[in-house]
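Below: one structure, written as structure tokens.
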Amino acid sequence: MTSQQNTLLIDCEDAKGLIHKITDVIYQHELNIVLNREFVEHESKHFFMRTVIEGDFDQTELVEKLRSALPENANIRLSSHQNKDVVIMATKEHHVLGDLLIRNEFDENRANIQAVISNHEDLRQFVERFDIPFYVIPHEGKERSAHEKEILALLANFSPDYIFLAKYMRIFSKEFVEVFKHKLINIHHSFLPAFVGARPYQQAFERGVKIIGATAHYVTDDLDEGPIIYQSTTRVDHRFDANEMAQAGREIESKVMAEATKLVLDDKVFIHGNKTVILD
Amino acid sequence: MTSQQNTLLIDCEDAKGLIHKITDVIYQHELNIVLNREFVEHESKHFFMRTVIEGDFDQTELVEKLRSALPENANIRLSSHQNKDVVIMATKEHHVLGDLLIRNEFDENRANIQAVISNHEDLRQFVERFDIPFYVIPHEGKERSAHEKEILALLANFSPDYIFLAKYMRIFSKEFVEVFKHKLINIHHSFLPAFVGARPYQQAFERGVKIIGATAHYVTDDLDEGPIIYQSTTRVDHRFDANEMAQAGREIESKVMAEATKLVLDDKVFIHGNKTVILD
Amino acid sequence: MTSQQNTLLIDCEDAKGLIHKITDVIYQHELNIVLNREFVEHESKHFFMRTVIEGDFDQTELVEKLRSALPENANIRLSSHQNKDVVIMATKEHHVLGDLLIRNEFDENRANIQAVISNHEDLRQFVERFDIPFYVIPHEGKERSAHEKEILALLANFSPDYIFLAKYMRIFSKEFVEVFKHKLINIHHSFLPAFVGARPYQQAFERGVKIIGATAHYVTDDLDEGPIIYQSTTRVDHRFDANEMAQAGREIESKVMAEATKLVLDDKVFIHGNKTVILD
Amino acid sequence: MTSQQNTLLIDCEDAKGLIHKITDVIYQHELNIVLNREFVEHESKHFFMRTVIEGDFDQTELVEKLRSALPENANIRLSSHQNKDVVIMATKEHHVLGDLLIRNEFDENRANIQAVISNHEDLRQFVERFDIPFYVIPHEGKERSAHEKEILALLANFSPDYIFLAKYMRIFSKEFVEVFKHKLINIHHSFLPAFVGARPYQQAFERGVKIIGATAHYVTDDLDEGPIIYQSTTRVDHRFDANEMAQAGREIESKVMAEATKLVLDDKVFIHGNKTVILD
């Protein structure tokens, strides 16, 4: 038996009466609906609904009843409001990581950070200040597949609900991404206009941009092209050299990752093709 | 028979099964739910739901069925997506007014601006450029009650759904406000920290504020204290004198009024005591 | 003799003592410096200074004295605070145009809008409401060079200081751009990430972006790639279809063009290679 | 002899030729001016100038020469770009503090945090994670003067350049403030409209505000009323209860304090009466 609040996320092909059928099941279990938000995407005729329910009930039974009331291929997620298990991967930068560690220290996110994994030693002292296990798996002199195998072996000890890539500067193979489908969340810089190639902040400096942005997204095998969760921008001007633009970029990346991971941990995000639908 | 999209806004004391009961009625009428958003205010145990429905139905019958399914004192609004009738009142400033007139010219809002009423001649040429009737009812040398009587007589020709106060610089009597309860929307400047008394921008200048804001709200008899619909802020600095702060204030007032009136015209706003609940 | 305030913009190769030499000339003319801002770009060793001066003086003499005090290739602009002459070019959209016309009507910008030129009739009624001459030069059935020749002939009647492209949807030839070098200001949509090709808002919709932006820039022969003056962004989400994203784009374009043209008209913008330096 | 960059801040009664006289002294010392920004406040006829200079020079001599070139009561500050000594005072909240400690850990601010002083034990573990000395001086059962005497004795060991009040929830006496004049920087919540009295977030919740702000300011004996350094705001809505509004308030307070302290540590802030002039 579960008590307190739970979040129910349902998405499926749209049809008449879906809300009615779902709330019928909820009503039969004598549960309160604290918050409900529904959305139908016009182009794909797809139905999304997020419902926060309150009361005691049998989880398996509720999901079964919902399943028999809904179309066959409906996605049904029932999530208690307990902390999710999270592993963070980072390389050398502390900005995004630091923000996540402090939120963890004071239990401000629905996350339990199990470990930080890096391919470098640089962040050890900082991470260990927070009593979080820090593991280094160097990539140098290894094939990507061999390196990923070591990471997979380590991650197997934790079986995290999510892996947050806090400026982890290695590209994963298609196979690795497949193992952690919908569990890998990445942050990267973004520009108006966009730049291709190396040293993006040098390019932004040379182009004289007035705005720098960041995008948090799920990782798919199409690098930096998975479903976008959250974006934001910040102002720069002629006084910023390339290094200062990069610094402004790090600050906005940290803020964007904080917002995006909060949305994910609070069970507000649906993935639909290459897009997200966020119901809060 | 009504076709196309309609918006249903329901609020009442919270109880189990409300969504289920409402969607039951909708399902019986074979209507599609395009968008649904529900919220329960914890402190007051009050239920709010906004539903966009699609399909042909008999309006009176639907509302009657809903009424018999819901608690006795439930508020039920059914709104087609046709333009609302709006009268604008202004004094001498064109900023907020100009934005509303241009949106009207290109039919960008769900509003049909019937007339502009002022207590001064200043804006006549500008308003008449848009082929909108412009009326002046001077207040000078009149008791407030006499002045309001004239305004009431003129407004009676239009019976507007809403009256937008676009920098109308007169205070209405309690009686006037009561006649147009929940129909009067006002915009005014706002500061951090706030200033009491005259010449607020001179005070803001003297205080060296770094931010200037605006608040759009429903008018109640407690001046500038009705339910807040929308707020926003903009940056100023030491280079702004009192006049330039006032100019920045006018620009943000114009933007805030545009957002607030759009929320109201799109049937997204519930009034609950002295607060609003906005479901979009 | 000139009285009141003037703005002096100087840029040249950096050297020791430049401010000293410039202020020496100003001091000799017994002028007040109301505001002064100087910046040296580190990479290019280039000096920029904007000075607002107050008092009566002989313009030619002051510039001559400055020229003899400064390196040979120094750029010296002396601008009184009178309105600049501006022609607006547009196609069918009113958003950016409408904002500029209202500012002109109430003399809120340092601009005197002489005419609006379009390649379509659509905006005639709207523009003429403001008593601004409206000219149509259709492009259909004409070579680009022939079309531009007609535009050039018309513009010759106005010799504008600036041409604001308020959603003018034609691409200019290299020759046309050269004639109006540093006088053509354009606005266009911008995305994080960027999209190449047609129907950008459809692409933004399909990609599920959470932010839409706009960039105002000087036009160079590299289309949409001239020096950036101002940028800004606005939030969108899953509820926006491609049309609504385009609408949000129009609103932010209008705001960005208002800011950018104000910076230019207030003599705050230096062009340096493919970048701007903005001293305000 | 000093090398590298230094910042010169001068303010005094306005007069003709001030920039010329100042840059004359700089030119005589063969120093480069990297950045210069000057502002004259119209109402008070007061001159402000901030100059970043590069090169080797004798500090005492430069300041002496400037003093003899300028009006008698001119304020002249010459600041090297070395880290300032800072003591942080806090009570129980970690948000503002945590952000400052992480910036200190990675040397991202021009600050050397010497110690954290609190009136409670709560933050000891967190502060000590960063190897920063943590002192508790309880206030309970003490007169304010006795409590402040203990704090003064402890601060005497550090003689900090600045004291950052990171949610230190005690009010200082006029005498204490006088000792650290222009050195005490505080952060507090701010609202549109403002609320007087206790439990401001409960009031903000009851009023249904849509925006919550924060203000960082120098402390004067007029509580929460000293010169404002930086302000910012964040959006809330009907879904936020009083606790969630307070949480949003803590996040924006943390960001505002980060910006304000950076401005102060980078020598960009002038205090002028009850206002600041910020030249960057």
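Residue numbering begins at 1 within each chain, and the chains themselves are lettered A, B, C and D in the order written.
As a working rule, contacts are C-beta pairs under 8 Å (C-beta built on N, C-alpha and C of every residue); 3 or more make two chains touch, one makes a residue touch a chain.
Computed from a prediction, not measured in an experiment: that's the story for all the values here.
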A-C against B-C, pair bridged by the larger set of C-beta contacts: A-C
CA centroid of subunit B to CA centroid of subunit C, Å: 36
Inter-centroid spacing, subunit C versus subunit A (mean Cα positions, whole Å): 41
Junction residues of subunit D, two or more chains touched: 35, 39, 42, 239
Category of the chain touch graph - line, ring, star, complete, other: complete
List of subunit D residues in touch with subunit A within their complex: 35, 94, 98, 102, 105-106, 126, 129-130, 239, 280
Subunit D-facing residues of subunit B, complex: 39, 41-43, 190-194, 206-211, 213, 215, 224, 227-233, 237-239, 241, 274-278
Interface residues, subunit B side, partner subunit A - complex: 14, 16-20, 23-24, 26-27, 30-40, 42, 49
